[in-house]
Amino acid sequence: MLKVGLLGAGRIGQVHAASIRNNPRSTLVAVSDVHEQAAEKLAAESGSQARRTEAVLNDPEIDAVLIATSTDTHSDLIEAASAAGKAVLCEKPVDLSLERAKTCLRNVAATGQPVMIGFNRRFDRNFSALKQASQRGDIGKAELLAITSFDPAPPPVSYIKVSGGLFRDMMIHDFDMANFIMGEQPVQLRAVGSSLVDPEIGEAGDVDTAVVTLTYADGRIAVIKNSRRAVYGYDQRVELLGSKGLLQANNMLEDTVVKSTAAGVSSAKPTYFFLERYMPAYAAEWEAFVSALLDGNDLPVTLDDGVAALAMAEAATESARTGKAVDLAS
Amino acid sequence: MLKVGLLGAGRIGQVHAASIRNNPRSTLVAVSDVHEQAAEKLAAESGSQARRTEAVLNDPEIDAVLIATSTDTHSDLIEAASAAGKAVLCEKPVDLSLERAKTCLRNVAATGQPVMIGFNRRFDRNFSALKQASQRGDIGKAELLAITSFDPAPPPVSYIKVSGGLFRDMMIHDFDMANFIMGEQPVQLRAVGSSLVDPEIGEAGDVDTAVVTLTYADGRIAVIKNSRRAVYGYDQRVELLGSKGLLQANNMLEDTVVKSTAAGVSSAKPTYFFLERYMPAYAAEWEAFVSALLDGNDLPVTLDDGVAALAMAEAATESARTGKAVDLAS
Amino acid sequence: MLKVGLLGAGRIGQVHAASIRNNPRSTLVAVSDVHEQAAEKLAAESGSQARRTEAVLNDPEIDAVLIATSTDTHSDLIEAASAAGKAVLCEKPVDLSLERAKTCLRNVAATGQPVMIGFNRRFDRNFSALKQASQRGDIGKAELLAITSFDPAPPPVSYIKVSGGLFRDMMIHDFDMANFIMGEQPVQLRAVGSSLVDPEIGEAGDVDTAVVTLTYADGRIAVIKNSRRAVYGYDQRVELLGSKGLLQANNMLEDTVVKSTAAGVSSAKPTYFFLERYMPAYAAEWEAFVSALLDGNDLPVTLDDGVAALAMAEAATESARTGKAVDLAS
Amino acid sequence: MLKVGLLGAGRIGQVHAASIRNNPRSTLVAVSDVHEQAAEKLAAESGSQARRTEAVLNDPEIDAVLIATSTDTHSDLIEAASAAGKAVLCEKPVDLSLERAKTCLRNVAATGQPVMIGFNRRFDRNFSALKQASQRGDIGKAELLAITSFDPAPPPVSYIKVSGGLFRDMMIHDFDMANFIMGEQPVQLRAVGSSLVDPEIGEAGDVDTAVVTLTYADGRIAVIKNSRRAVYGYDQRVELLGSKGLLQANNMLEDTVVKSTAAGVSSAKPTYFFLERYMPAYAAEWEAFVSALLDGNDLPVTLDDGVAALAMAEAATESARTGKAVDLAS
């Protein structure tokens, strides 16, 4: 039984609390949050204790820490938890600064503690099935990857301002998905981005619509499309062309009802946002973490993966600004 | 908080135990089973106590009883639990004998206790969405209903022999679905059935493939198709033609991946069987029961509904045998 | 080059005229119609001559006659054309009277001339592909057939009155489809029918909504659903369950565009009616007739097939009236 | 009645000959080809005369010329036909040289003759329906366009060598599609390309897999994916995200049959290549040309459109070579 401390009692912390409790091999011992009331509320609901973060990290009974705090605290908490001998699952991104993330990577390496980054989409059954089909060779050699990833609506501009920008906050998931599907990192990246959805996003120095092209050492190509607004719901699709075929992972729909009338044929929309779409993926992510620790499996997503995706986000931010291709250091 | 006793610790009892525990307004107090070890195992996993059935029914702390025992005990247990002042949710069918079920209905009525029958498919989000669309008038007046309901594989012949036959054991779900969607009971029924899947089923006096036609007082028509074998998975679809359109509730698929190769385009199969398809429906069914008791809502499925479906199953069994249409008493 | 006379210059005659002209191995020589102007107009458009029917039948240059006149003339014209030594393709149904059709069958047999009945749906590429897949054994042994066949809107009541009724006029196509797919004729038939779409249809003694169940000698089952009104378009689907799987032939859509908005996801309707859906099938039907005559292939649909479907229509008319199952003579 | 001369009797010339003959307002008078036998064969089949090109152009009876010859002759023949007072429909591309095409544009302008370029995909009913939906405002303001365009298999390397390269030969269709859908030309273009399908294509100096990103003056973005090999068939899809929704034009399939077995669910492949997919589009293209000439409608695709797409192809070729973004002159 894995004894777990949860840092962060916000929306995503609550999602993780449920995964921890529902997994038969993990138990939630303690919750901390800078808002003590939030920690107390979640602790009460989940049958655990509200504590200060230090108290969580210093509790020798606790085996693992799940970090679901604000991004600016991730690196510090990863380091502190690792130094305290805890296994760590940390939400993405590792940091907004690639340099800081790399330092974190070095410091963690010195502790030898396992650190997994929460790229939850790898655990979505659809993307996971696509990856497996590709690995099985169902479509021969993978040559051209296309990722469509649209949010239903932009977050508040106040959030945008501290988010690190679309590439670090939103497309970082898609960079990791590209790394996951293609099984290697690209060597060059080209980004274009615009503020089309909300002029305030542009005024805040960010883009809300972007396309990034990735090229690989052997000539393979990937393209990622992002928009902060798809009014019909969370649009999350992956498409992979190979020498022997095409794989597509399509959206999940709210229900399977189809209505045909004189006005046309209509069906349900995609599940609305990440909670609706990815709740089972969060549970599977947690199970993978638990299994890595208890069964001795490899971590399916590492801190290196988190740093790699962040490096791509930083390169994309630069490319969108300068208009030039950016080489990705090997 | 609803305190619940669970009678029956088999496969479906375990499904209900999870629903009871996961619902924030119900708690599982005790479990009984004729196999004491099964009760003890489930009690241990669910943090409840293993008890004799009498002890469950006589515990004044227990508010409600969920009956998930073998069919031949349903009527007796419904009556006993009602007489003991418990609210009841009982798995379908009420009984294999329509007469016994009618007696049960009268006896329960005398106690005034609420009894709900577990027609879980009413709580499937797809069928539920279809029903709501029909009630909203999206397709005008409903005129022609078609239900397709195929199991992936037949049960053991030993089970078939005690099941009451396809119409009472399997199609009873579809009779209730017809009643649910059409909002009334038919006046006449015609059934044809054959043993095509497994000759042993025919030798046991049952059919494994059947089509039933229902006609309503105002001329509306419904047709139900059943097969004990659909090797591609659990095929559960409903289609309703109305004066202003068509509604279809299609299968849920294992994932959304589509593969296109020189050999063709392939996609995932339907979810395999009722546990895969209807797990969320069981949770929604339980929530509806809890809500009826705690919030004073109407029971969404009553013992009358259970008796009505059983009457249709009995009529279908007769029609398939005689080759004649059977009038359903009003 | 097959020299062809066309009897009937109405809507369906015009469809056939195009097939005759577009086929590189047939040429349209003459057109007749009781409305001489209609014949003259079509003759002018198609580069052929308008003639009296007798003149067409007596022209030794003409090899084949296509009969697209009103149903009450079919038997007489089939007999006359056969007696005149012509090969015949006649629109369905052979006749409204089964007795008359049987007499026609005997009279034609005496001439030895080939007569094909225009069950165009056999030549639809979707139904044809389903049949081929079944014959290849893709789904093992076919066990349960379901045919959905809805017209977009009912014809005028004046037409209904002379049509022979829904079973002879509309469902006869589906009876032939069942014979085509199952490869044999059923032994028993049950029909229910109602007038739900238009009370005038009921007052005219006909039904507009019907379900027919067919049973086969070895216990296999087929079910046919008909409605005169599907406001979303021509709904023509076939579904066949076998021991190793399911085959479905779905509708063809007007286009492949899908629109996703906040209101939902919408797509194109089925092609509107038989001209939109089956135009390629009419051309394929004609090619099959030409090929049978010029290449010595078997006729893919015979006069016997036409009589068999008519016998089923007559039985269904009786069953819907009496409420009883009707045995089909072998 | 439009009297037409056809230059070029190859595969695409034969397609056009059928469109000309089947259109009730045009008639094919003469065919020319550098291979006289090809011209004679097609003339015989189509009831027209085989002539020298000069004889076609000098025939005062001929109203319009359809140019379906090899690309290197297009500019010369457009100029000659226009100078001879003929209306022209010419296959894409206008030329392999942008400079030559611009000269052609000027020379044609001096004659005042109408010249249409054969971008047949604009007349595909699916892309056309998508464009109309966008113009109606169904998805608000169009913001992000994605075009997927894969051929089933690469052409012979001998063809590749004279084709002008993937961008001029294949993606030029997609450049025009982008111009058609977005209603304006982009201001900047980025291309990446690789030879992944066949090393001989790379050795010939061309790419077989490419992604091009287009950016528009107001920040809108389009992305085009091309591959010379999609073993499952001709993959031709367009997807347009707007402020109020998404439009997708999907592939057309060979048939609508779906097969479900223990191995999975399979359906038909996309129509195999451009003849299967776009035959109706060629007929609609010709009708649009006829209608422009006879009814006084605007030409739906002009020589300017052909030059614009060629300019994009030239820019893409450069961008793929240099790795830099290319500005498109206004």
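Note that the chains are named A, B, C and D in the order they appear, and that numbering of residues resets to 1 at the start of each chain.
Keep this in mind: a residue touches a chain if its C-beta (ideal position, glycine included) is under 8 Å from a C-beta of that chain, and two chains touch if they have at least 3 such contacts.
What you see is a predicted model; the values in this text were computed from it and never measured.
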Pair of chains joined by more contacts [C-beta pairs], A-B or A-C: A-B
Option in A-C, B-C or C-D whose residue-number contact pairs overlap B-D by over half: A-C
Where the centre means the average of the CA atoms, what chain is farthest from chain B? D
How many angstrom lie between the CA centroids of chain A and chain B, rounded to a whole number? 40
Hey, how far is the Cα centre of chain A from the one of chain C, in Å? 57
In chain C, what residues contact two or more other chains? 230-232, 235, 244-246, 260-262, 268
Can you check the complex and tell me which residues of chain B touch chain D? 230-233, 235, 253, 260-262, 264-270
Partner chain C, residues of chain D touching it in the complex: 125-126, 129-130, 133, 138-139, 244-252, 254-262, 268
Name, in rising order, each residue of chain D that touches chain A in their complex. 141, 143-144, 146, 148, 150, 190, 192, 194-197, 209-211, 213, 215, 218-221, 223, 225, 227, 229-232, 235, 239, 241, 243-246, 323-325
